Structures are given as C-alpha cells and as structure tokens.
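What follows is a set of structures to go through.
Heads up, the next two complexes both have subunit A, just with different partners, subunit B and then subunit C.
Right after this comes the complex of A and B.
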C-alpha cells in the first residue's frame, strides 16, 4: 500500500473500515485508563473480523500500539504469542468442551504482557449450551483477560452474551477497496481484480480465490449460466445435481490438499512408512483424523452450497437491477447480454419471488435439510416458462 | 481331490467339516442348531466348543479336535470366519488333510468379506466337507417357498391365502416369520387357512416408506395415510420416509416429458424408469413442480423447522396422492 498511513501499520489489512479502526485505536490509546474486557466484532463474511481481532490483540500487546515490526506483533500475527488464544473451528459447531478449555485457560493471566487475550472466531457457531458456559467468564474475567468474539451479526449471539460485550461493527468493503488490495498485496492484474472483487461481493478471501484459480472462476460461471438455461423439469433436476457436484468440487479443491498433507504428517509422526500397513493399535489415531476431516468436509461442502446460492442471488439481483433500471453497478458484468435478455423476457415480480426462494434455500441449508432436495426445489422455481 | 457336497440347510447332517456360508443368519443358525441336536441325540455327552474366528490363536483347533482317550464325540463351532485370523486359515488347511473322525467342525462364514478364501477353496475341494449355503431370503417368492417348506416339513398344509397373509404380516424379519410359523404349527389343527392367520396376526401390517410412496403415487390417499401410520408406528423415522418419497419423485421429475431418458443419463435401472413413466400418468408439470418443492419443505419440517413432523408427512402424502394439485378438499 503506497498511501501514507495515518495510523499504526498493524491496521493496514483492515481495508475500508475507518470507523471500526478508529474505535479500536482509541481503546488501545486509552488502555491504561481502563479497557472493556469483552468485545464483539461483527461484520459480513470476508470483511476481516478475524483480522480485526488479531490486529486489536497485537496492538494491545505491542509497546508502540501496533508497530507490526516488533517481536510481539510478529508473534501475534503468526499465531504463536503465548498470551493470545484463538479458538477457530472448521466444524459446523463449536463444542462445549472447546469452550470449557478456553474458559479454564482464561484464568492463567498474561505471561509476557499485562493482557491475556482470548479470541473466538465464528462465535455464532457456539450452541446455546456452549454460550452459557462462556457467560460467567465473560461477566467477571480475571484482571487483564480480554475476550474478543467474532460473529456475522449481533443477532447471532444470545441476548445474555450481547449484553456483556462492547460491539464493534465492520462493514462490507467496497469493490474498489477489495480490488485495490488484490492489486497491491497479491499482484493481481487490475481488470481481473475488479471483476473478481465485484463477483465476490466484498468477501476478500473469496475474491482472492477467484482471482488465483481459473477453475473456481469457471465453476462460478457454469453455475450461473446453467441457472439461466433451466427450461423444463428434467433440466431443473439435472441442474440441481450439477450444482451439488460443483459445490463438492469446490469444497474438495479447498480441503483435499490439506487432508493428504495431514494424513502424511500423522503417519510420519507415528513412524509408519508411506504405503505401509497400519498396525491395529494405531488405527484409532488415523480414524480420529479421518473423522475430523470428514466433519471439516461437511462444513466445507455446506459453505460451497451456500456460495452457489449467494452467486445465484447476485445473478438475480443483477436481473432485478436492470428490470428496475436502478443504475447501480452489476455484479456479473461479463454476463451482461444474457442478463439483459432475461430481464426483458421476465417480470420483476418473478425475479423477486426467485430471490425469495434463494433466501429460503439458504436458511434450509443452514437447517440441515438434504442439500440435493433444497437445490432441486430451488431449480424448479428458477425454471423459465416457455 | 474330490468336491464338497452341497446340502440344503434343512438337510443339515453332521460331517467332519461343515461349512455354513451365505448371508441369511437365521437359516445358518437353524442349520447349526439342527446339527447340534442330532449329535446330542446320538450321544448326550457330546463336548461342544464355540470359538470366534477373529480371536482364534494358532493350535486351538488341534487341541479341541484331537481324539480323546475314550473317543467321545465333539462339536467345534467356529463363527465369524469372515473375520478370521491367519492362524485359523493355516490350522484349517492342515486339519482338512487329516480330519478326526469323531469330531464335527462347523465353520460359519457370512459372505460379507472374502477373508479366508484360501481355506474356503480348500474346504470346497475336499471330500470330507459339506457346504450349506444360506442364500438371502428377500423376494416374495422366496418367502412363500420358505413358509411352504416350513409347513411341509411338519407334514401340514397352509392355504395360499393364509400364506400371503403371513408373508405380509412379517415382511421384514425372517426369524419372526419362522416363529409365527411354528406358533401356528403347534397351536392349530391340521390345515391352516386365512381366518386362522387373521385371528393370530390380523391388523399387523409391516410396511416401509417405499410402500407408502407407492400407494400415494397411485392416488390412494386413504391407504397411503394408513400405511404411513403403520410405518411410523412400527419404527420408521420421518426423515428416511421423506428421502424415500424424494427418490421416487426425483426420478419422475427426471423422466417427465423426457423421451431420451435412459438408464445411463438419469442414473436408474430401466425398470425404475418404466415405473416412473407409469407413475407419471395424470401428472401435470405444475403438479410435479409442487411435489418437488413440497418434498424440500417436508424435509425441513421433519428436521425441526415445523412443530409436527407427522403432520408434515401427512400433508406431503395428501399432496402426492392428489398428483401435486393443491387446494382440494381432502
């Protein structure tokens, strides 16, 4: 980033969030006068909630309020600082045991500095029982313990948690901001950066993935084009099946490499040669890993389906934008001609009911309804009457 | 080298080595029990040993089967050969060459794996062994034949109507069916007719989600609802019931108006496609679309988005038996 920074370097990754950054900076600057002990960072997926939490932790522990250079800052950002505990999950829920461990650890106090910081990413994945375990710790933490919870919105947390935390809201970064970041940080070409930034709708991680993987871009495009081509019931069923396949591929692309690496690591830790047979006594370890990976795959697939739904929503949002002549930027600029055609051949009320069907489908995926059934039901509703 | 004799489970007789294969547990149990009873009848002092092939350690077979001082008969039952240890394969192979005469060895392999293939091949090639194959009883005709033979073995008769009623009442579990047969045999007069079966087991219908779906798609709403209640009362869970409906409707939707539907491009057997085409008679496109949407709604409902899963299922059954058309008084 070549602009002159008017704040400490640690905040530089938090793009387009001046309000949140100034709030957090103020807290850091006045920390000696007293610091709120529990914070809730909210913002849409990809807006950098976890990054904000890490930056805040680093700034609190740094002697220069977040220089980004000192040992402390570097340890926090690499996740190895002894006074920063991060609970992140790759499963669908955070289990009660994980919270209990974290609560127990929160009583140890800072070992290096004055503060001990407990970060819970995806705090919305806590079940009600897990949340209740946290209440007491959140209400009266030991001196110097700071809790940072991250969630998409305040409404995702129990009221009893909400009343115990101070809230910092992040907003969705604009397309330009995301594109700027991709160009500056990852060296992505400008036009591509603009395209993927629009397509990812403010999700920085997603934009990066689209920018760096042509497969991911192709999958996204196929999803959208196939949705516009549904004209009969058999076609709708076939498309739903194809969407599920695409979501699986997307999920696999993310997890497969890691799964293999983890397995190889475990095998070498256990001293089993590549391709060797696993002694019965060690099968339990392998099994535990496989189960953890399976849980991760479940969540990953669910995220993949959700992405498909979000992409489809962007498509019909564009159609509606054209139909209502709203003159705001289109997300899927590269499909402009098809979008125009669809906008002129259907009515805006139809588009709105399709968008509603997608919103319902997202809720259902979240409620563990069979994925294929949800997609089939949606595809049927998207079909165009001939 | 000769070849092991194939024997039906009903004619099970003691032999040096008896190999009981096949997945039907109940028949295998009957065969093993019958051999044991026959040996007991010959000599009440028969020594019986039961082993699990998975826990077998080298030498056990020789210890148990070697002749004793007074030549008492012995029976060794080794179950779970599908999970046997390597030691059993080795010991079994050498035992087959020199089986002891007054000992009967029963090996039970449920065909769920190919473990122990070397031993099995050797048994099948041996003169001293017999094989009792217990094939799965799944088809209606197999079941009818089973009931028939149960009664025939006792020298009794059962009328065709009674036979059908009995097969319907115990559709899932062969051992329950056999128990019902023996109950009828021990209680009742010479020949057994439908009225007798109805007196004993009337009103008992074993059903499953697919039968409910079949009835609903055939437009028989009352029957489908009754079957649904039966299925739920006999332990069917609402979630798989929805899945069964979904399978049927999915195939219908894939086939609808699709002349080119083939086994390859819709992922189903040819007879299933024919069946789906038949089920489609009288369905409109709108109705089919409603059905697909209703299934997703029902799945959401049985997974907690509505209060009463059974009501959600009943709504679905009524919609399907009405060919997807809403707003009629049912």
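Right after this comes the complex of A and C.
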C-alpha cells in the first residue's frame, strides 16, 4: 500500500483517511479495466464525505489521475465542470423533483471526458419516495455514468439502495489529525487547535469555525455553563429561551452575510439600483430568492439547535465518563472542575436519563415540534435536583 | 468498460437462476404447456431475482421459437433482450417509481392497445411497483383484468403489501426468497472460478454472511473484494484478513475484550474499546450488530448449557468453553439487560449523531443497569448484588452462595449456582473476572454510591445516619476509605459508637460489595490510627475472587478468627437477603439446600 506521501495532490484534503483514499485511488487507477457505477461514501458528519466525492470525481476526469492543477481538476473543485452534477440541498429534505431531474440528466453522456458523474450530497435527506425514483437509474445507468452518494451511515439508506452500491467508509478523524490540519492549513495556534478539535468531536468544519470565531466559542461555552446551572423551573425556562437565542445568533452568523450578498447580486443582475423601487414585474424573482433564503434560515436554525444539543450531549457524556471512571479523554477539558463537581453530586443513572432526554429532544426537533417547547422540556429534565 | 459483477452475471434463462425453484419450476411448466397468465406479480427482498425473472419471462414469451421455457438465444428478439442487448420495442420496462401517477397509468393504457411491432406479445414490466399510487393502480385495473390478447403485465416489487388488493387478485403472485447460504456459496465459487480469482479460506463464507442471502448484495461485496485483491502470477487472490476488514467484521478478540469488560464492570476498558472501534473506521453499526450477536450466543449458551453445540453450529470446543465462562460471569438477567440495551441502540443508530457518542451511551447503559427502569433492569441489579455477595461468601462459606443464587428465576438458577463453583476452572486463565469489579471501585464510584449508602444506613439505624450524614468521602485506595470528619468530637463519637460504624460498613458492603477500613480525617489535626477492622485477610476484594472451596478450607485452619468471622459474614448475608426482600421485593424460592434459612 502506498503511504500518504504518494497520494496525488487532489486527495490532500482528505487527511486521516488513508484506507478510503487508497480504495478510491485503486478504482481510479484501474478505471480502464472497469469501474463500479454506484458508490456510497459514508462517514460521520464533518469527516469530509462531499470532499471525498469531489476529489474522486476530479481524479476520474483528470488525465493524470488527480493532479489538482489541470483545467479539469480546477473546474471540478470550483464546481463548474460540465460532466459533474452535484445535488446538494440546503433544505431539510431532497424533493422528488430534484431527483427526477438528476435521473434525467444521468442519461446524457459525458461532454468532455468519458464519464458523467452524479453526486448526491446528504443522500440521507432523500425521502423514501425520492430514493425509490433513484433505484432503476442506480442499478443500470448508461455506460460512463457514475453515481456518488454521500450519507452519514449505511443505515440511513434503503436496503434496496445499499445493495446497488459499493460502500467506502470514512472514519471520524482523530483529534490530533483535525488539530494538525488546522495548524497546517489555517495557521491556528496549536493549543487552541487541540481544544477546538476535541470540542468539535472530529467535525473539521465545526472545528474551523470554533477556531476562527471567538464568538462561536463563547456561545458554546455559555450553552454548557448555563446547562449546569439549571436548578429550578424558572431558571430552566429562562435557559431554554437563552439557548434558542444562541442558536439563532449562531445561525445568523452563518447565513446573514450570504443573504445580503445574494440579494445585492440579484438586484444588480436585474438592473435595480441600490435603494431603488422594485418594478412589479420583477417582484416574483425577489420573492423567490427570499423564500429560498427563508428555507435556508429554517434549516440553519435547526442545525444551530442541533449543535447545541450535540454540545450538551458531549458535556453529559464527559460527566458520565467521570462517574463511570472510564478514564477516557474528555471533550470539554476546560470545564474540568465543574464537570468533576457535577459528577460527584449526581448519579450515573441521572446522567444517562439526561442523555436520553437529549436524544429525544433531537428526535422531536426532527419531527417539527416547536423548538422552544422542545428546549424547555429538555431544560426541565436537565434540572439538578436539590 | 466492464460492468459490475451483478450486471455481468445476470441470468439469461430460468435454469441459471439460483435458489428460486419455487418460482422457476411452475413458470417453466406454464411456458411448456402454454398456460401463461396475462399478469404476474413478483415479490421478494432486494437482489433475489425479481427483475431478472421478469426479463427472462419476457424473453421466453417473445422468442421466435417460443413460447418456450428456454429461450433460443439466436433469434432477433432473444439477442435484443440479452444482457448486452439493446432492448426490444415490444418489451417495455417501466420504472414505476418515477412513473407512478395516474397520468402515467393512463398513458400506459393507451400504449397497450397497439399491437406488438414484431414479436408475439407486448410485455410491460413495471419494476418497483410498490411506488405506484393507488390512483395509478386503479387506472390500470381494467386493462390488467382483461388486456388484449397480445399484452402481458409483469409487476416486480419488494413490498407486495403496497400493491393494492384489486391488482393482486388479478395477477399470479410469485414470492421470491432469499438464497440459502449453501447454494449461494456454491454460486460464488462458480463466479470466482470464471473470474479467475482465488478466494482465501473462509472468504466466501464471510461474503455469504455479509450478503444476507441477497445475490446482488453478495456479488457487490465480492466485486469489491476482487477490486481490492492482489494479483499474483496472473491470478487474483483475496486474503481473509483484508476481506474481514473490508466487510467490517469486528475482530473476535475485540468482541471478547468488550464482553469481558462488561462482565467485570471495567468501564475504562469498555470506553477504550469503543475508541478503538471508532479509530479503526469500522462501521459502528456493524460493531453493535456483532456485539448483539455475541450476547445472543451467550444467552443461548447460558440457557441450554452443553446442548448449545447443537444450536450454535460449527463452534469449536474451546470456544464454547470460553463462552460458558463469559456467560456465567454475567448471569441471565444481566445478559438480557445488556442485549436489550444494545438492541435499543441498534435501532436508534442512524442519522447524523456522532457514532462515538451513541456507542458510549450504549455502553454506559449496559454498565449501569439502574438506568433501565423496567423489570429487566432491576433483575440485572439484583443479580449483580447477588454476585457480589456470593463473592464475599465464597471465602468462608461457599455454600451460602447457592441459596443466594437460587433467589433467581428457576430456569436460570442452575447455571448461576454453577457459576459460583466455576471459577475453580477459570482461576488461572480468566483473571479479569468478577474480582476486578470489586477491587476496581474507585473513589468516584464510592462518591457516586454515597447517597445510596446513606439511605441504607438510615434504614438500618437513625443514629448511625446522623453521624454518617456529616461525613464526606475523600479518598478510597484499595480498601482504605478516607472519611472527612467535621470535628474531632464527631470522630470520637463515631469511634465510640461501634453500632454506627458497623452499620456504615454493612451499607457500603451491601451497595458496593466492598469491605472497607475507615481512615478518619479531621480538618485540623490528622487523625491518628487506622480504625480497627477485623482480621487482615478478611477482605474479599484483596484476595482474588476465583477462590475455590478447597482454597478456603486450606485457609481456615491458618486463621484463628475464622469462626467469629464466619458468624459475622452470615449475619451480613442475612442482612443482604433482607435487603433484597425489602428494597427490591425479591422472594426466596424453596431450596432444599438452603435448609432452615
């Protein structure tokens, strides 16, 4: 097997995944002898599934198996290659229409090279109906069409899809790997990098965000500290409200800038000066954009709440490890003293039921229960019994 | 460009289809005798040959020499409908998942009226028929009931119950089955031979197991293994280790490690194993599945004892012996509890939660049975208590372990009672058995259990509780428990009142199964001596657990105080039993051996 050093440059972003990369590289090297037509890339959030899919696509289309320099490679990386269709969604689900369009497109041959590559990011967001639409196209696509699906785990896909694809598993990168990447790529200070890498639990994107934004770090810490201080029902209510506020802020920080930019771009495309009135004929376009942004905001807020829940889970997981004397590495090393105090004043049974409450809260959020109510009921269950 | 194995090896005649004789035989007979129905429904799990059979049937019907049960393969229709063929105008394969509406059904109805272009029949294959809407099916009802003479319908689906009843009653329904392992193995060997690949010993068995009876799954996996195989002397070889790694099976040694760690309550070992699983990039779900399977095997071993060989086919003797020991170190209720927790985790495991967190939570639930509020959880706790008491008693009174164990459900009692004696055999090999559980109690665990201990002290004696309430646990090393007293006066009072010290010691023993020595610590002045405790080797945790009755007998003469100790232990056992009865509502079963107890 090759070592990391021998990898073509296109794989450089996939740190800490030597097994997956060698599997994909082997497929690229033997592409003339035959290539599997459908792949499923699985890995925990933040492990670089979509990056792996893009790199694989680039390597397939590149003449030198992924030089990272040629026109083809750069086009794939920037998302403008005509033979690579990416279906990524910022909504909560992938609609059946989107899949139908993609399936229709998959019947065209490659326009530049031999391959036509269809990537579905977040394939777990396909509803059962959408997945079924994909079945036939996935089983016997025309020659040259390659499907790459990305999902967190195999279990998220239908059994009928699973049996049609070849699976490539990405693993959760270790804390050190993520920290190394942050230090090398983004020039983050070593100690900070280690801290955020642990806090992000292997999620590279999240680690970067925590590392570069002190606001995000402060918000995270506030969430955790406030959870430990809940001791009465009124306090629980106040904390839940505060969490929602934090989630909104977190979401805004991500979307606000983009929203404004998109609006400005659209206005200038339509030839409307800044601050000018919008002619009635063009209002539909503006409205469509606003609706898309609103949908994105919904998902962004939901992601924010989910992040809070995941952070809280990591907190109680730490408490539990201390209680069980598991001697495993803590996620929230900087809160060690509070964690110790909490571990000694509560019992492991309570911690487990709190963790279960959080899992339930995540299910409820997924089922569209009103977010504040979910957080309130969670906060009440996290209350410390005095 | 070569295609995936499952596409290249798609059968082209009924005789090539494996494991579906219940379908192929009647179909072939129908073709021979020309009693072909106008509509068929093929159903069955993924990858067992539904679409393939539909295509073969179409080929048979439209063959120039047909209708025949074996297509000639030479006529225009047969060539067009072969694997590499272009497809025929008269055989329309429709992806019902994307053409599922009422409009598509109407369109199909109109097309059905036209006569075939060249061949005998116009055949419509509706694949993934479960996705057709009820409206769509209803629009088809009339044409499926009485189609023109030249039209045949074949529906293929994984979920026949989603096809409406009125359609099902108009079709002949053929259920397909998963392929049995032996047949699959033979087939995979054939494929390997024609692909010129040499699989290592046991590789194909792994593939068959992972494929779960679906031909397409198995071929996909084999394909993946072939793609990763090394070519030696022009022949590709698949190595066992690599196959096991690629298919994501948990290594047996890792599974043993986790199970042993669960049995001995060694949480740090459990959590480090979880870390190993995550670091190796193995599918966490697979790990959970494997763990569940292992627990199931242990349950089988514990329930049927030596007959387990018949149930767990192909298991080696030493393996069975090892599993017996593992099963005994658990006990039935604890195993059930563990299996419950693992199975619950398996069904919850999906979505974007960090898999490590999920695994850790699962392990914590197994380790802390009280998190399970159902009966199984309480039973597991009782069993754990019993085991701890059994441990203590085996030093001086081995017989006492049996009545304690017989408090169990009658079925489980025999093996568990045997468990008390079993350690005799284990002693040299399985050092990590229960003693570690007792010796492994840390300060943290003591602190965590403190409230429970206090409540037990309270139940025993109010006055002892008043003293104990003011104490704080500082440290526990070995069996020396350092307690912080608020003042010298408290300490003196505590020392003077032997009843409260005993009550506290008993409570600690009942909760944690640990005989402790107290070491007082007063804020101002360091307290003088260790408080007196009975004899030195009377601490079961320090003597290793797998002590056998023989060993105990040897010890007795060497221990002058043994007699008085004995009385005390019996008293403790009685206390523990009364605790079981009162706190947990356990009822002793009639056991002749227990005698007057």
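Keep this in mind: the second predicted complex is superposed on the first by the 382 of 386 C-alpha atoms of A that agree within 3 Å, B and C clash if a C-alpha of one lies under 4 Å from a C-alpha of the other, contacts with A are read in each partner's own complex, and residues count from 1 in each chain.
Quick note on the criterion: contacts are C-beta pairs under 8 Å (C-beta built on N, C-alpha and C of every residue); 3 or more make two chains touch, one makes a residue touch a chain.
Source: prediction; values computed, not measured.
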| item | value |
| --- | --- |
| Side-by-side fit of subunit B and subunit C on subunit A, or clash | fit |
| Which partner reaches more residues of subunit A (counting touched residues only), subunit B or subunit C | C |
| Partner chain in contact with A:136 - subunit B first, subunit C second, else both or neither | second |
| Inter-chain angle, subunit B to subunit C through the CA centre of subunit A, in degrees rounded to a multiple of 10 | 100 |
| Contacts of A:225 with subunit B and subunit C, given as first, second, both or neither | neither |
| Contacts of A:381 with subunit B and subunit C, given as first, second, both or neither | first |
| First, second, both or neither for A:237, with subunit B first and subunit C second | first |
| Subunit B versus subunit C as contact partner of A:165, first or second or both or neither | second |
| Partner chain in contact with A:270 - subunit B first, subunit C second, else both or neither | neither |
| Partner chain(s) touched by A:88 [first = subunit B, second = subunit C, both, neither] | neither |
| Smallest distance from any CA atom of subunit C to any CA atom of subunit B, in Å, after fitting | 14 |
| Subunit B residues touching subunit A - in the complex, by the definition given at the top | 243, 246, 250, 253-258, 261, 285, 288-289, 292-293, 295-297, 299-300, 303-305 |
| Of subunit C, residues touching subunit A in the complex | 1-4, 7, 45-47, 95, 97-98, 127-128, 130-131, 158, 214, 216-217, 220, 223-224, 227-228, 248, 267-268, 270-272, 275, 278-285, 348-357, 360-361, 364-365, 367-368, 370-371, 442, 444-445, 447-448, 451-452 |
| Residue ranges of subunit A touching subunit B (in the complex, touch as defined) | 232-234, 236-238, 364, 367-370, 372-374, 376-377, 380-381, 383 |
| Partner subunit C, residues of subunit A touching it in the complex | 17, 19-20, 23, 26-27, 30, 32-38, 42, 44-45, 100, 103, 124, 129, 132-137, 140, 143-144, 152-156, 159-160, 162-167, 169-172, 174, 201-202, 306, 310, 313-314, 317, 320-328, 343-344, 347-349, 351-353, 355-356, 359, 362, 366 |
